[in-house]
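Have a look at these structures, which come just after this line.
Presented sequentially are two complexes of chain A, the first with chain B as partner and the second with chain C.
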Partner chain A sequence: MFAYPTVRASFIFLAVALLGLLVADIAITTANPWQDLGRFFLGVATPNFFSTEGLLTALLRTVAFAFVGVTLGSICGFLLALVYRFLPVRIFCAFIRAIHELFWALIFLQFFGFHPLTGVLAIAIPYAGIFAKVYSEILEEADPEPGRLLPPGTSSIAAFLYARIPDCWVQMRTYTAYRLECGLRSSAILGFVGLPTLGFYLESSFSQGLYSDAGAMLILFYVLIATMPLWLRPKLLPVYVLAAPFFLGDGLPIVWGNVERFFTEDIIPSPIRDGEGLAAIWAWLSDVLITEALPGIWNTVVLTQIALVATGILSLLAFPLISNHFGGPVRRTSGHVFLVIARSTPEYILAYILLQLWGPSMLPAVVALALHNGGIIGHLIGRQTNTIHLRPDAPVGFSRYSWELVPRIYRSFLAFLFYRWEIIMRETAILGILGIYTLGFYVDSAIQNIQFDRAMVLILITALLNIGVDALGRFIRRKLALQTMPTC
Partner chain B sequence: MAISNLRKWLATGLLSLAAATTVQADTFVFTAIPDEDETKLVERFRGVADYLQEQLDVEVRYIPVKSYAAAVSAFRNNQVQLAWFGGLSGVQARRLVPGSEAIAQGVEDEAFETYFIANTSTGIQPADSLDELEDELRGKTFTFGSKGSTSGRLMPEFYIRDVFNEAPDSLFSRVGFSGNHTRTLRLVEAGTYEVGALNFQVWEKELENGNIDTDAVQVIWRTPTYPDYQWTIRGDVDERFGDGFKQKMTEALLNLDDPALLESFPRSGFIPASNDDYEPIRATAENIGILD
Partner chain C sequence: MSGFDFNGLTASFDGERVIGPLSFRINEGEHVGLVGKSGAGKSTLIRLLYDRLDGKASLVPQGLGLVNALPVFHNVFMGQLDQHGTWYNTLTLIRPFRRDKDAIRALLTELGIPEKLWIPAAALSGGQRQRVAIARALYRQAPTLLADEPISALDGPMAQQVMTMLTNQFTTSIVALHDVEMALAHCTRIIGIQDGQIALDQPASELTAADISVLY
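The block that comes next holds the complex of A and B.
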């Protein structure tokens, strides 16, 4: 069995995660975790839709920010995709997508403040980096044949528009629509740092233990995402896109002097700002690295590895829920509902909920990351098993699962998992804002202390770590010859 | 099809920028640090906004924020002109905005206190001095309030370091930041953390309203007093809202005597304050490295 590289890789990752478990801080620290969990589910079962007058407005803002952010991101991403073959562009894109939406929001909050631009750019910038990469991959794989048939002298722009784009159009449209769903999730969590989206009210209700109010908000959010195929019609899209900017709310006016100040003063390391010598700069930097960056990196990596393996295990357990090979339609429908809920809930919100219920340790984060990511991968490979036709006399039940299906989907399962590795790490870092000691914790602390120079160093380190894991993930996927479609 | 869509998208992008730069010029905006449950804050400060609007003849708007730093940043960025800050956030804000002034504080803020509270299951008994509690506290779990809080972070951390000569995360087995005082109270009451530190006014008010299960949580130590909350205003408000605006604002705050509004703070009234009153807070913050 160990002769297979995929099996060897799996066991190496499993071993790393088990070692991680030995050093990780895994605990339930609340006295009555199950009682609180029960109250939470009771709240979801008895939702109160009339708690805040602002609830519908918040939902509208959530959609508006998602539309404007994703639209802007896709336009910029498309333009970047055209020049993606240049190394500096690729590095630039890798960098902007390595920084999480919430970090971008925290940065823009410092100089744009509570202006809609903060939320729009927080979504648009990282999304532009992702769109650039995916669009360029789609364009690259386009059939070159139509281009060759064009008469000589056709301008390259015309050739691109008439020979290349039509071939890629459907794929690009599908991916962009899929990204919009991700955009809704991103938009919702921006509320946690003060933008007027759903997260704003969700955080308030939750922290006050108003579970019925919070339950209503979660239900509205699920309905919004689950009904996307109904309201997101191609014909209506231009209407949405044109209308969205007018529903972002007014916020507060931008004071442009703040922008200049942020870039020329705030983020300059304090020893340089104060004109101290090289020694002081070194002392400052090593202080940031040793007391904040190193513990942050360690916790981020440990948590990521555990969450990655937990995600894998959960995906493998979850895919039969929606697979045609098991159970009847009733069971499959409830399986679908469970997986839709798991993958529609942003891991940040899941982690927030579980942290409130179980107290602070890495456990809520691991469970949240595994539920969300496992929901996504389980859904994808579950759907894939539905295209597999087995012999009529194939075994049933557990034998079918372990001897027929898992071996057949294992490679694409690993491909999805390694693809999501970097995404899991990006999320792990951001969960620090909730109080787990990953890099986000130290970024948040620096921002709370109004030390943006420190915050920027830590955000840069987080970005580099993500780029590193992304590269490693791609290397492993290439080594194992795994291919996948992007997910978010 | 591709081109027409692209054109639509571009037009939208420009529109969104245009829509986003709409400015409302003459609204006076204020905020407050989110130190308590949000519904309470909104109720409290909407009342204050109405009162100020009536007194000052300008449109006054309160905006809620999600963190202490967000309040400081909004003040610094001139998106808000007045803020109800804690001792530390006020010092941070006034350092960042030259010319800004502390104009009023609550009567109780001259001599504010932090209460250390413990879940009764720990068996920790109240003590007169913190060093008597060393054995009981060691290895327990502990929560501060917000990272930027004076009564929930700065002063308790200062006394922990001062008395035990070590950092909180070496004395306690687990150190957390609950986010606000009400939350600290709930977490220690529920046993999520064994010990916590919070604003004494929040404790007293919740106790008076019967919202504390005194069988589950009790006060174990009270810090010496220090100056805390205050209203801080930007130095450039006179230029923007007319001569004497700052003076009028100060008077309006000092004259606030609506018992329902005061009760929501909870303060018995507001008295004059000055930047110098907060010198001890600045020194303490520098001492433990929160301020450079």
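The block that comes next holds the complex of A and C.
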């Protein structure tokens, strides 16, 4: 079995994760974790939809921010995709998508304050980077033959509109709609840094112990995502896009003096700002690196590797839930419901809830990341097994699982997992804001202490780490000859 | 212009020569039938000639090169994208002009598929798709035609009619055909290709089907 490179790679990653568990901080520190969890589930089971009118407003704002952010991101991403063949553009896009929406929000909060622009840009910028990459891949795959047949003298715009766009249109539309779902999740968690979306109300309900309010909010969010095919009609789309900017709320006005100060003072490393010379800059930088960046990187990497393997194990356990090779319609329907809930809940919200219930450690983060990402991959490969036709006398039960299905889907399973490696790392870094000692923790602390220069260095390091893992993931996928379509 | 001189045509795949070196001359007004068994290099030769003419010919490639997501109308209209400004073309994509609709509908009527004007190319049968590619080549109104098996999916009478339309509209044509009878009936000159070389080159009037069958 170890002759297969895919199996060897899996076991290497498993070993790394087990080593990580030895050094990781895994614990439940609250006095009554199960009682709290019970109260939370009771809250979800007895949702209170009518406690405040704030709930509907939050839902509306969540949708509005998602629409404006994703629309803006897709337009900019499309324009970038047209020039994606130039290396500087590719590097720029890799950089802006390596920084998480919440980090962008934290940055913009410092100078735009609680203006709607903060939330819109926090979604639009990283999404533009992702759209640019995926759109350019889709455009590249279009059949080049019709373009070659055009009469010479055809303008390049006409050639693009006739011979290229129509071929890619359906794929681009599907992907954009899919990103809109991701945008709803991004928009919801922006509330955790103070924007008026679902996360804000979830956090305040939780901190007051109003579990039924929190439960109502989560249920509405699932319904919103699950009913997307019903309300997201192509004909209604222009209406949504045009109306969305009017539902962002007013927020607080932008103080332009802050904007100027941010760029000319706040983010300039303090030794340069105070004119302390080269030696002081070096001392400052090494202090940031040793006391904050290194521990942050270490914890981020350890947590990422554990969460990656936990995601893999959970996906392999979860896909039979929706596979039509096992069980009856009742079991499959409940499996679908479970996976929809797991993948529609942003990992940040899952981690937040578990952290409230179990206390601060890496455990809630690992469970949250594994549930969300395992739900996505389990759904994708479960659906894939439904296209497999087994011989009539194929074994049933566990033998069918281990002999017939897992070997068939293992390669695409690994492809999805390595594709999500970088996404898991980006999320791991951001979960630091909740109090786990990953890079986000140090970024958040630096911002709390009004040391934006340090925060910018740490965000830069986080971005580079993500770009590195993305490259490594692509290298491994190429080495193992794994192919996949993008997921978010 | 009085024809084309093609000199030193060669093509290789994976370092192996599949065509040429070939040199020949096509006179204006000639209708050349390119025959030879499959794999002899006919398609490669057609492609080479298209490149040599810098795209200044109507081409019907074997793969047809249709944009599957666009309706038949737009696939045909693409033959004249160079005749209009970008705004005109962009508007046509959204709402075609009556003049163009009438012209293309007339062309499709001759080809027996007027009712398919607004059907996406993806939804057509093989023979219908082939006629759309032919309509695009005709609509382009270049003086020269290069076609690679343009009637392979058409039935007898329609194939005859299409060949007549093609030889009537284009001053000069070079058409690869596997149907020897069709080549003899519609072309003025037959070039036979064997192992990437010209094995036969004579006026069609001096040949019979038996003369050509030695190539197969």
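The working rule: the second predicted complex is superposed on the first by the 488 of 488 C-alpha atoms of A that agree within 3 Å, B and C clash if a C-alpha of one lies under 4 Å from a C-alpha of the other, contacts with A are read in each partner's own complex, and residues count from 1 in each chain.
The criterion applied here is as follows: a residue touches a chain if its C-beta (ideal position, glycine included) is under 8 Å from a C-beta of that chain, and two chains touch if they have at least 3 such contacts.
Bear in mind the structure is a predicted one, so any value in this text is a computation, not a measurement.
Could you say whether A:Arg148 touches chain B, chain C, both of them, or neither, answering first, second, both or neither?
So A:Arg148 only meets chain C here.
Applying the touch criterion given at the start, work out whether A:Val170 contacts chain B, chain C, both or neither, answering first, second, both or neither.
second
Taking the superposition as given, does A:Phe221 touch the first partner, chain B, the second, chain C, both, or neither?
neither
Which of the two, chain B or chain C, is in touch with more residues of chain A?
Looking at chain A, the partner in contact with more of its residues is B.
Figure out whether A:Leu117 sits in contact with chain B (first) or chain C (second), or with both, or with neither.
first
Please indicate which partner A:Leu161 is in contact with in the superposed arrangement: first for chain B, second for chain C, both, or neither.
A:Leu161 contacts both chain B and chain C.
Figure out whether A:Tyr135 sits in contact with chain B (first) or chain C (second), or with both, or with neither.
Neither: A:Tyr135 stays clear of chain B and chain C.
Does the superposition put A:Thr29 against chain B (first), chain C (second), both, or neither?
Only chain B is touched by A:Thr29; chain C is not.
Output check: A:Phe418 vs chain B and chain C. Expected answer is one of first, second, both, neither. What do you get?
In the superposition, A:Phe418 contacts neither chain B nor chain C.
Quick check on my understanding: which residues of chain A belong to both its chain B contact set and its chain C contact set?
Chain A residues touching both partners: 161, 166, 169.
What residues of chain C sit close enough to touch chain A in their complex?
Against chain A, chain C makes touches at 54-56, 59, 61, 63, 65-70, 74, 78-82, 84-86, 89-90, 93, 136, 140, 142.
What does chain A use to touch chain C in their complex?
Listed in rising order, the residues of chain A that touch chain C are 143, 145-146, 148-155, 157-159, 161-163, 166-167, 169-170.
Applying the document's contact rule, which stretches of chain A touch chain B when the two form their complex?
29-32, 36, 68, 71-72, 74-75, 78, 109-111, 113-117, 120, 161, 165-166, 169, 192-194, 200, 203-204, 207-209, 238, 241-242, 244-246, 248, 250-255, 258, 270, 359-360, 435, 444-445, 447-451
Where on chain B is chain A touching in the complex?
1-3, 5-6, 8-13, 15-17, 19-25, 29, 37-39, 63, 65-70, 72-74, 76-80, 92, 96, 119, 121, 141, 146-148, 174, 176-177, 179-180, 182-183, 186, 190-193, 290-292
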